[in-house]
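For reference, the structures are reproduced in the following blocks.
Both complexes shown next keep chain A, but they swap its partner, so chain B is in the first and chain C is in the second.
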Partner chain A sequence: MSVIADDATQSMSRRELMTLVGKVAGTAAMYQMMSSLALAANSTFDKRFSLSGAPKGASVLILGAGLAGMVAAYELQKAGYKVQILEYNNRTGGRNWSLYGGDTYTELGGITQHVQFDKGLYLNPGPWRLPYNHQGILHYCQMLGVKLESFNQANYAAYIHSQNAFGGKPQRYRTVKADFEGAVAELLSKSLQQSQLDQAVTKEDREILLQALRNWGALDQNYRYVKGRASSSRRGFDHWPGGGLDGEPTYSEPVALSDILKSGLWGEIAANDGIPEQPTLFQPVGGMGVIGRKFGELLKNVIRLNSKVVEIKQDETGVTATYVDTVKGGPPQTARGDWCVCTIPASILSQIPMNVSPAMQQAIYAIPYGASCKVGLQMKRRFWEEDEDIYGGITYTDQMNAIIAYPNTDYFSKGKGVLLGAYTFGPNASIFTSMTPQERINAAVQMGANIHPQYRTEFETGVAVAWHRVPWTLGCQGTWSEDARATHYKNICQIDGRIVLAGEHVSMIPAWQEGAVTSSIDAITRLHQRITKG
Partner chain B sequence: MKHPIRVATGVVCTVAAVAGIVTAANAQRRGGYNFASGKDIYEHVCQGCHMADAKGAQGAGAYPGLASNRKLQTPLYPVLIVLRGQKAMPSFSALSDEQVVEVVNYIRTNFGNSYPNAVTLDQVKGLRARAVQQQAQRPG
Partner chain C sequence: MSVIADDATQSMSRRELMTLVGKVAGTAAMYQMMSSLALAANSTFDKRFSLSGAPKGASVLILGAGLAGMVAAYELQKAGYKVQILEYNNRTGGRNWSLYGGDTYTELGGITQHVQFDKGLYLNPGPWRLPYNHQGILHYCQMLGVKLESFNQANYAAYIHSQNAFGGKPQRYRTVKADFEGAVAELLSKSLQQSQLDQAVTKEDREILLQALRNWGALDQNYRYVKGRASSSRRGFDHWPGGGLDGEPTYSEPVALSDILKSGLWGEIAANDGIPEQPTLFQPVGGMGVIGRKFGELLKNVIRLNSKVVEIKQDETGVTATYVDTVKGGPPQTARGDWCVCTIPASILSQIPMNVSPAMQQAIYAIPYGASCKVGLQMKRRFWEEDEDIYGGITYTDQMNAIIAYPNTDYFSKGKGVLLGAYTFGPNASIFTSMTPQERINAAVQMGANIHPQYRTEFETGVAVAWHRVPWTLGCQGTWSEDARATHYKNICQIDGRIVLAGEHVSMIPAWQEGAVTSSIDAITRLHQRITKG
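Presenting the complex of A and B:
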């Protein structure tokens, strides 16, 4: 079977393969194959997902035109339901959002920023990357024709920086990683050779482990991590190998383990090892917001923008949402459906009167929203590429801005570029949120200049989004504590009468678009079952 | 002293901040707030949501104003909210006991509030056991 799968999947879709297997080997074999492929999946999302058979005339009211709301609308409409969406903003996408030159954004407190970026340049204030195993959001990108390009997370040529280590001089990620792993490999080798680990490692494994450590840590023949070809091939050279008479390399001196440990820089190496950080990651060409925009175009006939929901009320036959037009004003209006998928963030929903069970209401109250702030900085030239050989990826710093991320697109272009100059969370994000947008930009520029002095001459204009100042989310994402999850998570997922909730806050993948998509799929699947099977 | 770090994978790691291993700067970035006076704490932490004039804000939802707020009459009410959070408001338990005293007393005596009975350090220490850990989760 595996031979068939390996060859056949090159040229046919999974569905076609199933059909073929079904024809040749019968239905039993097809089901066996289906389940074995499902087991190989890295996601709960099933690409074969589809609902059908809505009762004639049945309607679903959807609150929020973010990804969860639009996935629900699209799939339920396909299944035959009559759908309509109410959306607070004057655009679709919710936190799926990009800011381009010419855009304006007014935060709570009333300050309006006029984005001055050049054409084609943008900041993704919210989500900015799509891990390879987030098959739900990737599926909808494909469905919508959103073109994807690679997102670099780890860039070995980017920096790790600490104000108090190495005189504040940023260190290349590759040298920190090589020196840390090399020194650890050497230490372990010594312990093995001195028989200190005999209780933990058999004699046979010891020899293999020694070889593996030499290989992993770039050790020399004597199991030492020292200046030489092996270590320089990982950490970099003083004079790089090349052609002809100038090609003779000069090896670089590794940093001592003690200095690496005290620097704290090792802390960022593992930051790239989580599954969402592992290659391959993607980003939509032209900005993350392209997904929300295209989804909105597809569903434009069923979306009502500028609609602020002020009350949600269910009765025996349906759900009524009362809303106010945020542009035209006027008296409150109502929208009604037989059922309701509510994707309004819990931060907002906790303030909207809604007659649900106490268990669900308590769950909505139990989700604190995390702080985060992003700052985009336009530079006159792409100095990180031109001067420092950094193409995309991330620099980590222990300054408050936390991150500098380089654009993963338009490499080698002669024009300008927009850096992500700050991406904060936790206490530092609260501090950034308390600043004015201009102060956030100034802070990001000042901190960035400690890593890239070119900032001082190349910075032109910036934009700063602090998520607790975003009028329609009052925070970045649901930050469930383990205790709150144990008590409330199942309750928030239940269908409460005629209402079901969806969004990243109703998922085990908080703060990721995949959480919104998979929560929506799960919610509408159960809702459809309830409607059709009672 | 331990600094809990919440990372994107949802795993809570606890890093022992042993002197000489994790630098002071790292500890600050991952841990608390480096402000002493109530005014400074308010202006660098609280005003992110409650605004510079402490009058709150209104969007799709609202932030309550702290200005002329009668709920602040009860001294321990704001202490508990800072330590535990409330609904969508996260806890600010990364503030030290001293910082909680400073900021609560600042809010209760400014912005049109002038409530007597300043909160004491012992009172905050007494409520510390009820604090909810601040989640510093790196978003996706």
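Presenting the complex of A and C:
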């Protein structure tokens, strides 16, 4: 990614740069450079990103004080531009948002929820995780002094649950994983030993592969996945190893592969293996919304809240946005900049008159926004920890609520806790959206109680956000189809006259904050080049 | 495990108890009970553990203020016993120990290390992790108010490294895992599709298994593990998905199975799948030694430090320990109790005259103590985070240092950090033990630099603890052979007259603090039964 437009090193290839560094600074420095350039390639974001050299007096109008808008404002201001942001909500952050006790939220349809959570507890209705390779958003967390703590996506003690398998009894993640992988290792070993794969695997490799399968799949000396120390050390014991005379373990019986297959629970074994779900992940201490709040504090002099944009019009010298004050009302007002970075979600932007090219307009129309619903449930005590040794992480279920996620903070505290009691996508999210907030909460409680019977006595209060009813996004994220992307993606990225769009919908990482951040950086980098180099 | 000797519920089976609860309190309560009894079976430790009803005036002498000794003292005192502890060191905790800047440590052979770490940084020479199912030690952490934070054992961005594979270049854990499992899934799919496993897998199961393998192994539509979105979403991209026009990803090429097999790196793929390594794990904020320190503060009135036990003698009415004050010197002194819980490691105890049965004495002689060495290295900056996006977790190498572990705290902080630069077992630990501390540190730095070249410029100061040279244990942990365990384990657990032993060496969880805790609980439970019921 081209990041430093006026930096002489830009025209060098990485190899040239490294050779140069090697000549000048010796081998140790080159190794260091190699490491920071090559090994660190976990993201398109470059930590050295910086713009500079704005033309004197040049101004940029930014629409939306979500992450994309605030990144644009911060970086453009640093480069010397005059910036201002119009924001619809009475707070900054956009979908970067946490709901705390005392907050109110009114959804489309008019129902207002008064959040009753105890102090310190929260629901993140939108993003809730920061993967290690989302270096853009992690960079701004550091810049803002947002303290991060581990988000434990993977928890082998949490459950996978199907209503129709194992009598509806949830199974520990570790048992499903161990039993599936053990059976896979045993089957492949069998095939190898019977010389069935001699075409595909050399004799030499076969012997190593058998060793590897035994090690990886917890097989016994005869390449069988059976009840014994190896399998129980992964899936758990009937009586656990312990101290003294009570310490002798008894092994547990693996579940037959056929039962795992029919249960459908295998669908979640790889749930932690996709890059954004791999450890290490993070979350801001105190709620995801801390990022948007702190960013807003930093930029408070250039942000106008409660400003609903109703028209965007560009001409030969600039861009004018017409907006109404959603609190004070009054006649429409205008804001103007030489250029405009528009981060309004396409779902909303498609309803705002804006004079851009037909290609960009069609692109804006081409992005449907996904349904999603999250339900937060406050429980009187942290029974998942106290009764079931589940500390953070996620339980998966084939019920409509889809998951139960346990708080990744304040482990072992004696107080209350807020569970993410439902996180739905797709058709189930539409069903949840059609319910009232109270019905969504009731449904999440009922479904959760099939996994944790303690819900019946411990549930206190909840809040439910269905994104299709969020007035300022009308959906959770841009859900590009492959066809739409092929036709429209490049068009929505282009600078159209004096307007450039940014946000997760203008990225290849939809629904993630990193998409908003990197989209913003890509947009302002190109805009700055256009402005400074014509 | 029998925990509440005089509790009426003890004589009930769990089924009986649940039926009773069901009758009395209704279904919801029964579900709750089921949950807390059945689902929570992740440990032999019972959170309800409590002893009571000590005979008036009965006393117990405890030898060693490590975890086993302090658990015994705490619980026996609560039950009404008079307790006292003799401890060799000038601090409590034993192998529960953290080394901070300003500490000094003198090993066998006389070399003293003056730890130079910056404030807040530490090495845990002994235990460093608390698995979720080690409910005993976790319970005492809560009891003592020890704050716990996540220990991220699993880190997909950390490396697996072999000097002889991939030109010595470390490989990200995620790529080795994805490529091995992808190849395994593809091979087994091939075998299934060629009907080679029709004896082992029914036709119905076969179709589901193929789906499951595709999902789990990131295969394409034709059941092949190839360069593409699915594989790159696990192993990483050449150019990562991002925002705007820069956002189009390019996929990375998987490593061929044959190369993974020959590299030997497959040996670490399952490194997070054993129960004590599975997420969620914890560590005390501020160092493992916080547990031993706080436990010692709680029991300070009954602990005598600097007391080297030189003889243990029981008679018909009690047990007398003779000890010398290691600081003040002077003539040997004695301490006496009606009963004795001895937690002195067998490696030391084997050298102390003690009148127990030949069976117990032989058991004490039968436990060799393992060699292990840990080296802590302070670096000027957290380059593993800044340059390589590695936040916590472990890198594995086939060099003698075995692992590099990254701090699981203060992520993203700009300050210095202490790496665990070596953690050796077995023959390599013996080689490290034979070196001077400075030589161990040098070796760890040299080996680490093959993985992180930044070592060459960032290393500042280190400390090295080789457990065979630790004067008060002469080894890391009791390494029972299977034969020795079969012959001696029950004998070492027995109450011998008025003496009972406890510690990790008297457990089926050797080398873990949970072994010490559960061994202590097992020992004092039986001792209390013996005392109260004869």
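By our rule, the second predicted complex is superposed on the first by the 496 of 534 C-alpha atoms of A that agree within 3 Å, B and C clash if a C-alpha of one lies under 4 Å from a C-alpha of the other, contacts with A are read in each partner's own complex, and residues count from 1 in each chain.
In this section, contacts are C-beta pairs under 8 Å (C-beta built on N, C-alpha and C of every residue); 3 or more make two chains touch, one makes a residue touch a chain.
What you see is a predicted model, and the numbers here were worked out from it, not measured in a lab.
Judged by the touch definition given at the top, the superposed model places A:Gln163 against chain B, while chain C stays out of reach. The partner that reaches more residues of chain A, of the two candidates chain B and chain C, is C. In the superposition on chain A, A:Asp205 makes contact with chain C only, not with chain B. In the superposition on chain A, A:Thr280 makes contact with chain C only, not with chain B. In the overlay built on the shared chain, the residue A:Lys190 is in contact with chain C alone; chain B does not reach it.
In the superposition on chain A, A:Gly426 makes contact with chain B only, not with chain C.
Shared-chain residue A:Lys262: touches chain B and chain C both. Touch criterion met: A:Gln513 reaches chain B, while chain C stays clear of it. With both structures placed on the common chain, the touch criterion links A:Tyr365 to chain B but leaves chain C unconnected. Legend: residue contacts after superposition of the two complexes on their common chain; A:Asn222 is shown touching neither chain B nor chain C. Applying the stated touch rule to the two superposed structures, the overlap between the chain B and chain C interfaces on chain A comprises residues 261-262, 267, 274-275, 508-509.
Looking at the complex, you find that chain A touches chain B at residues 88, 108-109, 127, 129, 162-165, 261-264, 267, 271, 274-277, 308, 344, 346-348, 350-352, 365, 367-372, 398-400, 402, 425-428, 430-431, 433-434, 466, 468-477, 479, 481-482, 508-513. Those residues of chain C that touch chain A in the complex are listed here as 1-2, 28-29, 31-32, 34-36, 39-45, 47, 132-133, 135, 138, 141-142, 148-150, 152, 154-157, 170, 174, 177-178, 180, 184-185, 187-188, 190-191, 194, 196-197, 200-202, 205, 208-209, 212-213, 215-216, 218, 233-234, 236, 239-249, 257-258, 261-262, 266-267, 269-270, 273-275, 278-280, 282, 383, 386-393, 408, 411-412, 452-454, 456-457, 490, 493-494, 502, 506-509, 514-523, 526.
Residues of chain B that touch chain A in their complex: 6-10, 12, 15, 20-26, 29-33, 43-49, 51-52, 57-63, 85, 87-92, 94, 132-140.
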